[in-house]
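One chain, chain A, links the two complexes that follow: it is found with chain B in the first and with chain C in the second.
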Partner chain A sequence: MNIIVCVKQVQDPETPASQFRVDEAAKKVIPPPGIPPTVNQYDANAIEAAVQLKEQHGGRITVISLGKDTARDAIKQALSMGCDAGLLIDDPAFEDADAYQTANVLAAAIKSVGDYDLILCGRQASDWDQAQVPQGLAELLGIPSVTPVAGIEVTGTTLRVKRLIEDGYEVLEVPMPALLAVSNEANQPRYPTLKGIMAAARAKVDVKSAADLGVNAVGRKVQLLRLYVPKVESQIEWITGETPEEQAANLARRLREERVI
Partner chain B sequence: MASGVLVYADHREGSVLAGTKEALGAARRLADQIGGPVSAALIGNGVAGLAQELIQSGADTVYVADAPALDKYTNATYLPALDAIVSQADPAVVLFSKSLVTLDLAPRFAFRRGVGLANDVIDLKVENGQVIASRPVYGGSAMAEVLPEGTPQMFTIRGKTQEPLTPDPSRQGNVVPVSVTVSEGPVKVIDQQKERASGPKLQDATRIVSGGRGIGEAKENWRQLEELAEVLGGAVGASRAAVDAGWVPTHMQIGLTGTTVSPDLYIAVAISGAVQHMAGCSGAKTIVAINKDPEAAIFKQARFGVEGDWKKIIPALTKELKAMM
Partner chain C sequence: MPPGSSIERTVGVEPSCSPQPCRDSFWNIGDERIVLYIGAAIMVGLLAWGISRWYRLWLIGKPEFRANDLLGRLRQMLVFGLGQRRTSRDAYAGTMHAFIYGSFVVLTVITIMESLNYWGHRLFNIQFLNGPFYLVYSFFGDAFGLLLLVGVGMAAYRRYVMKSSKLEYRFDDGLTLVLFTVVGLTGFFVEAARLAVTETVQHPQWAIWSPISYLLSFALLSLPVGFLLGFHKAMWMLHLLAALGVLTWIGYSKMSHILFGPLNIFFFNPLAGRALRPIDDFEGAIERGEPLGVAKLTDFTWKQLLDSSACIKCGRCHAVCPATASGKPLSPKNLILDIRYHLLSAGPGYLAQKAAGTNGATAAEETLSPVAPDGRTLVGDVISDDVLWSCTTCRACMEECPMFIEHIPAIVDMRRNLVMMESRFSPELQRLFNNLESAGNPWRSPKAQRADWAKDLGVKILAEAAAEGEEIEVLYWVGCAGSFDERNQKVARSFARTMQAAGVKFAILGREETCTGDPARRCGNEYLFQLLAQENIATMNGYNVKKVVTACAHCYNTIKNEYPQFGGHYDVMHHTEYIDELIKSGRIRIQGRIDETLTYHDPCYIGRHNGLYDAPREVLKAIPGLNVIEMPRNGRKAFCCGGGGGHSFFEVKIGSRINHLRTQEALDTGSRGLAAACPYCNLMFEDGVKVKDAVERFRVRDVAELIDEAIQAGTSAAPAGS
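Presenting the complex of A and B:
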């Protein structure tokens, strides 16, 4: 089974609000000093799903990322978890790519890699939360897609996919090749083994530019007009008391006084 | 020439979703500024009866694609139906309300049309005849103003951010059947499983008690939150940390990738207040935070803060409220 996993390197979502800065003129988020970027969490779920499928059915996993040179680390992490090959699309013209550009670059990269049975992505990225690239990529490639995915089984050339719905899930049968956008319910990403880390350190990551793929002229479909940090003014009232019981009584009284209950 | 606003009518089990009515309210306000009609795209099997409800909520025209092959949602079957409706209605703007269906449908549709889509927006405004949206990014740490290009402009709206119109039973509108030839798509829905708790649905509850990492695995701990919720006539929710740990089912998750709620009262118990969580509950009128860490981020957005051990405070609060209500 040939699997392709698309990953994105993102600013650590655990970055404390106090260290979050925006350059409003450049409309960019300023990377917080001392906090390294990480693999997008849902993409880690996609990597884990791919590795589990490889363990069950054999095959080869290629990891693709559009990003800066640092995104090599994200690819290396995927390799250390059990993926086989890595491709980084590093192109300054696409540093702030929107979903349309990203999906077009990834589609071209996937075509350059060759045949595949399954493409796995995370359901959305924790930085821009657009949740568009997986479905857009499937549309560009003309293959079936499902999101958000909570489980995957393979029988022959058909996938049995658990798709989240508002109050549970449904089970879908999806022919391959297909694209699935994986949610955190699907699995718990593994920690790389020492052997995996050492193999990943030695592995070579291919690097291409958008021009190499012939997609350097793809423009944006969504203009970013403004980026800012919204002001939140705390208006907290602390509920005190000598004992927890007194705190609870004071809270109940204040909620009643403010007509909340 | 393209004009007006079209809303994708999202429905489940024979009911129009609340978010669709909110989107119709937003559509009405946008159409007042950019001109043209408000229309709705109603797609499914045996759904034509919902058209009147959409008209009462603000649609001038409801385009209906009704076919047995559209009984269960898959993007392969719904995309051609929506494409046919949008071609016929020719709107300047298409609005979706955020749901697990539109999460799948809207981006693929935007790509099929080759136009821009702004997902998960919380505010819409008109400048120079074009619609500009605000959407939280970086889990709500920042706000982006964006302009999707192309015609129609497309947006997915976060729930509870737009006011629906008051339903008007005397409102008149047109119902236009759209014939689409839909064959069964490549993807088949073969089973559906519900994981539903008793009591009010999370998104409908006016009072919510929500637990986080600090609640722990023990069933009796979650039972404490349920007892408080029962006294309040509300529902119990959870942070992603609690869901990921497997302590509570997925449908209880509140946050960016769970349910968005905007109750009158939100009691956050042992929840740190990560931005991803706050994105799902920041619409609450009153947030009460109970946490042993006074530095927890949740306190920055709470109206009332209680520093202490929830295990002692919650039972006492339940007792107090039981006596009071």
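Presenting the complex of A and C:
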């Protein structure tokens, strides 16, 4: 079973709000110093799902990431967890790619890798949270896709997929090859064994540019108009009263005035 | 035939050396003595085989060098092994053991003397057991026989009447007491029967030197002489067999502690537990397919297997373990005994594998497989994961163990395998590792904010001080808790202010500081620990740091005891030690008062692990008005707060919470608050006090906060010149 996992390196989502800065003129996020980027958490779930499938059914896992040189760490992380090969597409032309451009580049990269039975992505990336790339990628490759996925079983050439819906989940049968966008409900990503860490440290990650892949230069579909940190204002009003009962009555009155109750 | 040696004596016949007081060897014993010689030969053979079986089992373990500092080792063996310094700590058990141990030694010597006397007489016609010396000798035999029975009686009473969950109740535990009782009782019967036929009648002034037997002999006097002679012979035979049985039993039961105890104490590593053994070559081990840590018996070192064989099942560790007390699955005693029983059941299979050699792939595969020859895995089947994760590494077990068994390294070694080879541990722990990897602290706080707590205090960053060419006296190692945790930032601020008040020239590393690695190491992630340790050591050595002070008990232990393993040699002081020194040298003058009654909690990593009990108390004593009362368990017996061994960051959700137990103990002292000296303790008690709904009446403060408060109170309240 050949699996391809697409991963994205993102700014650590646990960066404290106080450290988060944007350059409004350049419309860019300024990476906070001393806080290293990490593997997008949903992508870690996709990696884990791939490794579990490999443990059950055998096969080979290729990890692909579009990103800057630092994204090599994200690929190494995947390799240390049990993936077999890594491909980094590092091209300044796609530094701020939108979902459509990203899907195009990834589609080209996947075609360059060769045959596959299954493509796994995270359901969305924690930086822009658009959740567009997986479906776009499946569309470009002409394969079925399911998102968000909470469980995967392989029976022959068919996948039984648990898909999250608003009030529960549904089980779908999907023919392979297919693309699944994995959610955190699917698993708990493993901590790599030292053997994995050592192997990943030695492993070579292929690096290619868009030109190497022969990607068609496609234009952006999304235009970023403005990037800013929203100001959150809060007001505190003390409700007074002689007794607790009176305080409660006054609170109720104020809440009614505000039409909260 | 030598005179008197095998003559059947009846009333009226004097012993050979009469009129001097003495007795004949083998009195009333004829050819039966052949049983002694054959029995002794069998005993020696069985004992030797029993011991050699253990010896061979130890050797399935890995090599480890423990032959350094032989004099120090001899000393610890004499003081704690033969000298019983630890065993005697428990008044009842210590006395009981001293009686049995003392009488075993004295009665063995008495028997040897008897034998020497016999052979001396027979071969060289020299007897030394006569005259007054014989009488004193008789008295010793009687007195220590009684002591033996009293000791065994105490043991039986403790075991079967008082009863305790810390004791084992296996068949062999009872049999040991039975054997000793038989030896003691038959000893008296033999002597009494002899006296009844001889000395009691002929020389009561001799017989009186065997007071117990003398009294007993009166009960026998009315019996016919012929019967007494038969009775004597029977008792002699029983005594002989029981005594040989005891000696043989040493090779096959917990009585082996007579030999393995002193041996284990001799090979004890004084740094065990406080400085965990480093893994030297990760890459090589991985390449060679060797396991990291311990997954099976053969991954232990021979010393760790000796540990399991030396356990006397006294249960002292069981009685003091916070995991056991809080209902977690770990009992240090059961852990060690589980290893012992597994060694007995699976060890012979490993020996057979070893004997078969490594010819054939299957033999090689078998040695790598975690499944033991008895079909079980050490970690998982014999010892569950939860057992291993329950340990807070508080050292209570190691501090109590009269055999100096090294529990903590064994537990951490098995954790190492779970973490680095199996990746089998809780998600919370994974979060801890991830955070340490990416941010260098357990909470994933940004490195850039490490010195934020000190922003308005004018604290020097070492890099700045070095750039300005400023000399510092001491590097203040803040640690992650002091740097990032809101509660402990207050401690850091207090300690910094205290040093400033004393005029100490100190600096901090700021963003260059990273976690010492203590939680990673104690949780088995030795690889991550070494990465962090090497980074810190490179930083400190880069600044040529000589002296380090820290308010974190865990950082203190790791920098002091573990960094030397990687080339980091510093003079490390705990902040309570440092403040104590500042007070005693007059650099701190406390003019304020704190009129409160507090109790002090000993952090495991400065107390038991490093013997720092007095300095914090001295500091508290130096604060006018402050009254310190002790919890029932204090000093080396202090009960863990529950936060060590990584437990501040993950939880074994079984049983109750250790910090709640300890907080209750503190509340029960009736004091108004608690002084602690470790960031984990501070957090554990803050939580405990909240849960016990005691926030209003019970305050938790670090020693540094109290001293700071007292200094500040003096400067603001005291009128000038007062």
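The rule we apply is simple: the second predicted complex is superposed on the first by the 234 of 261 C-alpha atoms of A that agree within 3 Å, B and C clash if a C-alpha of one lies under 4 Å from a C-alpha of the other, contacts with A are read in each partner's own complex, and residues count from 1 in each chain.
One rule holds for everything that comes next: a residue touches a chain if its C-beta (ideal position, glycine included) is under 8 Å from a C-beta of that chain, and two chains touch if they have at least 3 such contacts.
Just so we're clear, the structure is a prediction, and the values are computed from it rather than from any experiment.
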Go through the superposed model and pick first if A:Gln11 touches only chain B, second if only chain C, both, or neither. first
Now for A:Ala103: first (chain B), second (chain C), both, or neither, which partner does it touch? first
Touch check for A:Met198: first (chain B), second (chain C), both, or neither? second
Contacts for A:Arg190 in the overlay, against chain B (first) and chain C (second): which applies, first, second, both or neither? second
So, A:Thr38: does it touch chain B (first), chain C (second), both, or neither? second
Which partner does A:Ile239 contact after superposing on A: first (chain B), second (chain C), both, neither? first
Which partner chains sit in contact with A:Arg60 here, chain B, chain C, both or neither? Use first/second/both/neither. neither
Which chain makes contact with more of the residues of chain A, chain B or else chain C? B
After overlaying the two complexes on chain A, where does the chain B footprint on chain A coincide with the chain C footprint? 14-16, 188
For chain C, which residues are in contact with chain A within the complex? 282-283, 286, 292, 419-423, 425, 427, 430, 433-434, 438-439, 444-449, 511, 527
Which of the residues in chain B end up touching chain A in this complex? 12, 72, 74-76, 99-100, 103-104, 107-108, 110-112, 114-120, 132, 135-139, 141-150, 185-196, 201, 207, 232, 240, 243-244, 250-251, 256-257, 259, 264-265, 274-276, 285-286, 288, 297, 299-309, 312-314, 316-317, 319-321, 324-325
Taking the complex as given, what residues does chain A use to touch chain C? 12, 14-16, 19, 32-36, 38, 188, 190-195, 197-198
Complex contact set, residues of chain A against chain B: 11, 13-17, 20, 22, 29, 98-100, 103, 123-124, 126-136, 138-140, 144-148, 150, 160, 164-175, 183-185, 188, 220-230, 232, 234-239, 244-245, 247-249, 251-252, 254-256, 258, 260-261
